[in-house]
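Per-chain numbering from 1; labels A, B, C, D and E assigned in written order.
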Amino acid sequence: MAQKDELTKIIGKKNVLDDQKTLDAYSRDESFVIPVRPSCVVKPTKNTEVQALIKWANETGTPLVPVSSGAPHYRGDTIPATGGAVVVDLSKMNKIIRVDRRNRVAMIEPGVTFGEFIAALDKEGLAAHMPLVPRSTKSVVGSYLEREPITMPRHHWDPQDPLLCMEVIFGDGHLFMTGSAAGPGTLAQQWENKRAQIRPMGPAQTDFQRVVQGSQGTMGIVTWLSVKCRVKPELKKSFLVPAKKVEDLLGLVQKMQKVLLGDDCLILNSHNLACIMAKDSSEVATLKDALPPYVLFISAEGRGVSPEDKVAYQVNDIKIAAQANGLIPLEALPCGLSADDVAAALAKPSDEPYWKNKAKGACRDIFFLTTIDRTPKFVKAMFDQAESKGFSPNDIGVYLQPTVNGTSCHVEFNLNCDSNNKAEMAKVKGLVNDSLVFANMGAFFSRPYGSWSDMVYRRDGETATFLKKVKTIFDPNKIMNPGKLCF
Amino acid sequence: MSNRPVLICGETEGDGISSSTLELMRAGKKIADDLGAELSLVIIGNNISGIADEAASYGANKVYKIESPLVEKFMADLWVGALEKLCAQVNPKVLLMSHTNIGMEVAPRLAFRLKTRLTTDCTDLEADKAENLLLCTKPVYGGNAVAIFKYKEEPHFATVRKKIMAPAEKVSNKSEIINVAPDMDASAVKIESLKIVQEDAVSLDKAEIIISGGRGIGGSEGFKELEEMAELMRKSSGSVVEIGGSRPAVDLGWLPSSRQVGLTGEKVSPDLYVAIGISGATQHLVGMMRSKKIVAINKDKKASIFNIANYGIVGDYKEIIPAFNKKWRELS
Amino acid sequence: MKIIVCAKQVPDPEAPYTAVQVNSDTKEISTKGVAPVINPYDENALEAALRIKDENGAEVVVISVGSKISQAVLRRSLAVGADNLVVVDSPQFKSLDSSSIAYVLSKALEKMGEYDLILTGRQAGDWDLGQTGLILGEILGIPTVNLVRSVKIEDGKVVAEKILPGAYELVKSNLPALLTVSSEVGELRYPIAKRKIQAYKQPIDVWSAEDIGVDSDKLVQIDMSALMPPPDMGRDCQFIEGDSPEEKGKNLASILKGG
Amino acid sequence: MALIDWKADMVRCERCSNCKWVPWQKGPGLEFAQVCPSISKHNFHAYSGAGRYHSSLAYVTDKIGYTEGWLDIIYHCQMCGACDITCKTNRDMEPQEMLLALRAQCVEDGQLVPALMDVMEGLKAEDNMMQSKKADRGNWAKGLKVKDLTKEKGEVLYFAGCRISFDKELQKVARTAISVLKKAGVDVGIFGKEEACCGGRSYEMGYQGEIESFSENNAAMFKAAGIKKIVVSCSDCYHSFKVLYHKIGRKLDIEVLHITEYIAQLIKEGKLKFSKSVPLRVTYHDPCHLGRLGEDWIPWNGVEKKVMGQLVLHDPPKVFRRGKYGIYDAPREILRSIPGVKLTEMKRIEEYSFCCGAGGGCIDSDPDYSLWVAKERITEAKTTGAEAMVTACGWCERNFSDAVNETGDALKIYDIIELVEQAI
Amino acid sequence: MALTREAYRALEDIVGPENISEEPANMAGYAYVFMVQPYMQSPAEEYFMPAWPEAALLPGCTEEVQAIQRVCNKYGIKSHAFGTGWFPGSLAGSPNTITLDMRRMNRIVEIDEKNMIAVIEPYVAVGQLHVECIKKGLRPHVIGPGPTTSSLASHAACCGMGPSSINTSHSSRNILGVEWVLSTGELLKMGSLGQSGEWFSADGPGPSLRGIMRGYMGSFGALGTFTRIAIKLYPWPGPTKHESTGRSPCYDPIIPERMSSYICSWKSWDDMHEAQYMITEAEMTYSGDRAVAAWHGAMMTESNQEFYELWQKGILQKNAFAFGIILGGHSDGEIEYQEKCLKAILEKTGGWIDEELEKVPHAVGSNYWWHLWGGEIIKGIFRGTGSFFCAATGDDTIDNACFGSYLGDTLMKPYIDKGLFLQEVHNVWGSNLYEQATIGSHHEPLYQYDPFDLESTKAAIKLGFDSVGAAITEGVGLGFFENAGEMAHTMTSPHAHDFHKYMKKIKRVFDPNTASDPMGYCEPE
């Protein structure tokens, strides 16, 4: 097969796979997107190979579908939308290029998982900005490129955080570096001049990395990212704030964001907290029963010249703020679950099984952005929806994550389900595809996976029009993951 | 000695040469000496042999005499033509006229015909020996500034203000008198003179005391008050006392123009100048600022006349003058 | 009957003397904070023209030559009754000497066509040269009378009183003719309010040097070898005191009589 | 100084736009934050202090000539000094002086506004800015028993000014002032019909030459009458006598007092006592010429010099008038001492007060614009909850009264002296 | 080339005759801005932008801006909108361009206290917004030039660092919602605004068009006009009103409870930067910003003369390596923590707070105003000589800023020695430690020149040009002036992955008829 030969020339034989099993594995995921088999899977090991690959794809008109994380995938973005595509699996590009404690930045390749990343940072006295308990196979680069929110809104200044600079090979085959990494000078020269690729803006009058982020691999292939890290706290005080309703917690959340208090700040319902903290499905059920309906997890980290004082004043202020909202921050819940245990769980990737699959073996998510004050109406709507579709409210996990310093909020509903239960899966599919209900209420599906893309781009044709124009700039031959988003 | 003379265009006054011409001759002589040129004089009129003879005593090398019945009276058109021809003949280096009504009318037209540049109403003349040019000093901007003009075009041509220079004195050497054929054509006269009406033969420049009124007098009636004052002073001091006025007083018809003191009227320098109801526009000040003593009476304290007055009274002349007259009588 | 009045814009000769600044270095005179005016003698000429218009009916056209001529100032002529205003404005016309102004005027007159009478002021309040009108008469080759104080039109001829020392001469001339007008004509009338408003709206002719075919080689600027402030004649005025005007008058008499 | 002499300032204006706003340290929010009437109305940048710098730079470098639009920009300015003060909170520049030079340049070049030409014609002929007959000037004092200082000597002169003398509705201000001063035992006199304009307004209209003769006249009249103290109700006159005369080299050796200063002084000395309550919520409008423009003139005659490489200094050192020492406290002290009067302040006060709109000749050259500005100020005054706006200048009062009449607002406009009289 | 009458009438119909002008004197106001010569590399004696706008318009609403833009496309005219026009790039610079003065669009649409969002129009000045925000316990990001500048302009289309960047980031990072009239006249409502009319996020769906809208520097009107934007607001620890005492020119702030103002000094760049690492790691300041001795001295004095006298006392030079700090606690505990940290950091790094300097009248107050909202900057940077420009700016780590500071000193020194700029080496401004320095630290080696002095200006032009070269050869990074406009791009882009080529494509694709002035951005492909 000519294609395989050519790919072999570029990538090397052992990194070009086209066996049925592999192709099947890359043709489907945990989402509701239609499975399409790629024609080939390649695993490049360095950026020059990626660049050559893209040039080849341009010449041959072959669609490329980049993948960073290991299975299972949940969003459908790594499944080819057209036949004849080549999947570019970047898992073999898994170097941690640089960890810079002084400037709180690391540079990593797409294949690096959170587990590897955390370990490497820890050695240098740094910690990663974590999304909510990622699965162990999750690529750090993948997570950040997808704009997965992190659990610390105080450190989430911009939707693109903690992504800083990147090396990307655009769909036109041009290797590019964004932000201050762009130049002048090679990376080595930049390091020499004490630069650490931490300024995300630019170069010049364009923020190229913003176009790549959230693009689901449709603009180019990222070959490394520099990412914001935080200094590993010398001490950390965590609290669990129980509440019957989401509404009850919001005053405290808003206050903390408004005066920059605390580090972690997220709300989970009993189901999700149980899934994260329990060992297995049976423990989920018992733990869940012991938990209050909603829990706000907050922490205050101490670092810098006076870590104890930093934590002390924050704890004090948090308590006062909680009291003002009729709430009590607890070090441990009456059921015995301690805040420190939760903190520990949030600081690392998920144990197996992945917490989302823990209760019923599978899970489908509905998530979008809104503002903190609007979250209760969406929570209510989700349960109303579930009820109307006959889906058990008991199987719905709720995760509310303030983002961008509290100016917006990620709302996520995790619909726990049994993939073998066709009737249930149909209901889940219905709920996921019926997200228009939320959109009509003002929910912003900023990361439109699968069927959501049609919904959002139909709602806002102008944006779609201009995104298509952008696409022509960076991927003129439309070889990058065609069929995704509005492309 | 250059054969290009300093030529003075003279005027007659009654049966003699005019005083302003004599002034010019003194100034012209100096210029001629400085430039190493001859001094010449031209006289135009009818039956002027006697005057020419008289004029020949004032130090000119030559006196040109242009005699014609056509110029019994001053006729600008004929004067201009005659002088144009004479200049073509004698090719003067410098040409001077008095800034009189005649000079004012003839000089610009003549200058145009001679294709030269003219400086009018000069208060001083000087020869620039180095460049062989004439320096003409002239007050400008109504007397607010003094400019010196120096033009290369020839003949260097100026009209000179009266009463600025002393008149020339008689010398023993007589000038050569040259008769110039008049060559005048009556048809050149485009202006018909219907009549000359004598109005008020006053010579302000001979007055020792001038009582002047301006816009502040308020009307011709007011000048009667001034006349009474003048009469008193005449009687008590025996001086020549005249009534004068500023331009507005003349323009408004309260006084004949012969009594106008100022830039476009007479420039006077009496022993005493009493300015009543005159605000002191520069154009007036130029005409009287050389007076030996100046008294100003004006209602308006901001009037600039006070700036050049020795004595000032702020107030209404109608109240002040009768009291003044009364007191003057008492004291006389 | 078409009467042309030549009007020059000059710094206000009646500006407070302290506002007049003589710069000997640049040989420039400025009247600080004082608006320019139409040369007062030209205003006299305009008044003479308007009187003819009152009497006989006539079209009065005011023409002004200069550089940066202020329309606001010249439009006053329209406000008092002139029928049209022609402004001939060019940077080349800055401080032209008399013969050049007369030349430019003659070119403008060519463009304007027929006219019957030209009136100018006897002299301009800036340089006080008194030449332009007479030279213009020479250029045009028309009868010219200097220093008139009254102008009338009788039987298609102009009759004027020409000022002589202590007398006047009644003169008569065919038309067209040029007369220079002296202040004895009287001051320019005041505009009436209604006309003022019209005057600021009325279209006027603004011509450039090119418009009238001026040969710039023929233009000569006024030039001086020196410019100086006048000699200071300021005297320290002694104000005669007195509790009443009468007393002041008496005191003055005493002082003059005494010394 | 001539316009061209301000070229350095024109070039060094960096377009910071502080000239458009109330000083930021005073916390202007969304409303009433703009300090310049001209840009507030016309919006184009050229109608601001900075804009006039830039257009003037274009003018002096021959990039633009006189056009209708340029003149519109030049004459649509109240010369209120707001841009001057706000600029000078930061810079060592003189916007007001540049604006004055610009106007003077226009006047010298004959680039005139018809309405102002008429005013000037009136001034030259009748010695007042109101296009009225000189003979009527003393009418306001008819029936008042007050010393005529043109006839007899006296130490205190009350100078009514053109506006108050001729504006029939404002004549009460002068009459009240005389009555109040007399009640305080002041031996006050007037010039009556012999009073002449102070010359200040014409100066700001660009006719800077006129003030020469008026200042000379007034100084002589003051001297002749033996005056030691001039009291004025008009802020323009105050500014002329105190500031402009000094500026043009004719500093009066007489105490110049605005009536508010004098009243405040009389209250302090116990010569004026308030016995009646005047129950009124008021706000006080600082007249530009009494406030920011009212501080003493500081003569300076020197050159610019550079130190530290390019630091712009002046030799001898130049002291800038930055509006710090205007008359702000006296009127407020008076209002606070009147029983019953409750003073609430507007946002734009003291050195960053908003002009009434009448200044710089605008009341004559563009009355609509002038009124628009007054209405802006009235809107601001109303937000304080005041029943009345008190001012201390006839021009302000005239313009505000006209505006209130036009809008039908219930807000009353008073000269401060009227409240003083009510309280005695 | 004047507008055709047809085009003019079409524009006039949109905004009304009172809101359009082509009067040259008016255009002069839109063609002048400081630092134009070094920025445009134009001759020293040329004070104006190379091309004057053909007309200026004052649109009143988004629909008018759209209509104007359509007219531009129809008649082949370019537009260039600006907020307050402080920066050269904000003014029209290409021939056949009309300028849109956004002054009439000056509303604060909303201040959403709960979600810390302000929605503003172009002519809302930073100072105004600040006052309205603190009423609700919040504050906006403020850029260096201070309170008069348009908040929208700096966030959407210009550049955006300021003294409080340590806690309020870079303007490009604070954008939550955007209403954007593209060069074609089409209206783009980004993110959540386009989906549901809510202003909380402008990223997505999918790739973020914020990346096209602007980068480190904004597009300076070259990609259309931003008519309304939503920006993030940040905590304000002080009272609901700014209070001050005194009268012009210096107004002393009443520094609120639980806030304090310090000027801290060190003996070298290295020590100061070491302290900055500690300050940012401890997250302990409300604001922190490099205090250049010369202009900090200018800020605290009422005139150049007073400044010069202060300078001669030597206090300022003694504190040449200074960093102004504002502490602000929402609680007693927080402010105590901050004070304690500051003390500890000074001890560890050999820093000090100069008592003599603090005693200078207005010293503490001017530092406070500067940090609060960029106030006093005009005194600091313009009063002395009239203008400034920058040598080799950069934005990356604090260490890189330190490296850049040494380079800046070196580049400026020969000119300073010749007396061509204000005398003061070590005048590197910046240390805007964005987001506690986690995304970089800005430094600007600025030199103050006199635009009225031709030699001084010529030097400014030359050093400005040479600085771009130095940024490339010395590798300090691409900062401020190296990042905006065709001329700079031509020099720098080949050394930075040819970013220019993409910008040209963006310009072509988003503005097919070049109906927006490319001057401050780039010419289309």
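Criterion: a contact is a pair of C-beta atoms (placed from the backbone, for glycine too) under 8 Å apart; a residue touches a chain by one contact, two chains touch by 3 or more.
The model shown is predicted, which means the values in this text are computed figures rather than measured ones.
The chains that touch subunit C as well as subunit D are B.
Each step here moves to a touching chain, and the least such steps from subunit A to subunit E number 1. Relative to the centroid of all protein Cα atoms, the closest per-chain Cα centroid is that of E. A count of C-beta contacts for the chain pairs B-C and B-D puts B-C on top.
Taking the CA centroid of subunit C as reference, the farthest chain centroid is that of A. On a Cα centroid basis, the chain most remote from subunit E in this structure is B.
Between subunit B and subunit E the centroid-to-centroid distance comes to 74 Å (mean Cα coordinates, whole Å). Annotation: 37 Å between the Cα-based centres of subunit D and subunit E.
Subunit C and subunit E have centres, each the mean of its CA atoms, that are 59 Å apart. Subunit A and subunit B have centres, each the mean of its CA atoms, that are 106 Å apart. Residues of subunit D found to touch two or more other chains are 213, 216, 224.
Touching two or more other chains at once are residues 304, 306, 314 of subunit B. Working note: touching chain pairs come out as A-E, B-C, B-D, C-D, D-E. On the subunit E side of its complex with subunit A, the touching residues are 112, 114-117, 137-138, 167, 169-170, 172-173, 176, 182, 186-192, 194-198, 200-201, 203-212, 214-220, 232-235, 237, 277-278, 281-284, 330-331, 333-334, 336-337, 340-341, 344-345, 348, 395-400, 402-403, 434-435, 437-440, 471-478, 483-484, 489, 492-493, 495-500, 502-503, 505-506, 509-510, 521-522. Against subunit B, in their complex, subunit C makes its touches with residues 11, 13-14, 16-17, 20, 22, 27, 29, 44, 97-99, 102, 122-123, 125-131, 134-135, 137-139, 142-147, 149, 159, 163-174, 177, 182-187, 220, 223-231, 233-235, 237-240, 242, 244-250, 252-257. Those residues of subunit D that touch subunit C in the complex are listed here as 66, 104, 107-114, 117-118, 120, 152, 203, 206-213, 216, 224. Contacts from subunit D toward subunit B in the complex involve residues 196, 213-214, 216-218, 220-221, 224.
Interface residues of subunit E, counted against subunit D in their complex, comprise 19, 21, 23-26, 28-35, 47-48, 56, 58, 84-86, 101, 103-104, 108, 124-125, 127-128, 131-132, 135, 145-149, 241-244, 247-251, 253, 302-305, 307-308, 311, 369, 373, 375-376, 378-379, 382-387, 416, 419-424, 448-453, 456.
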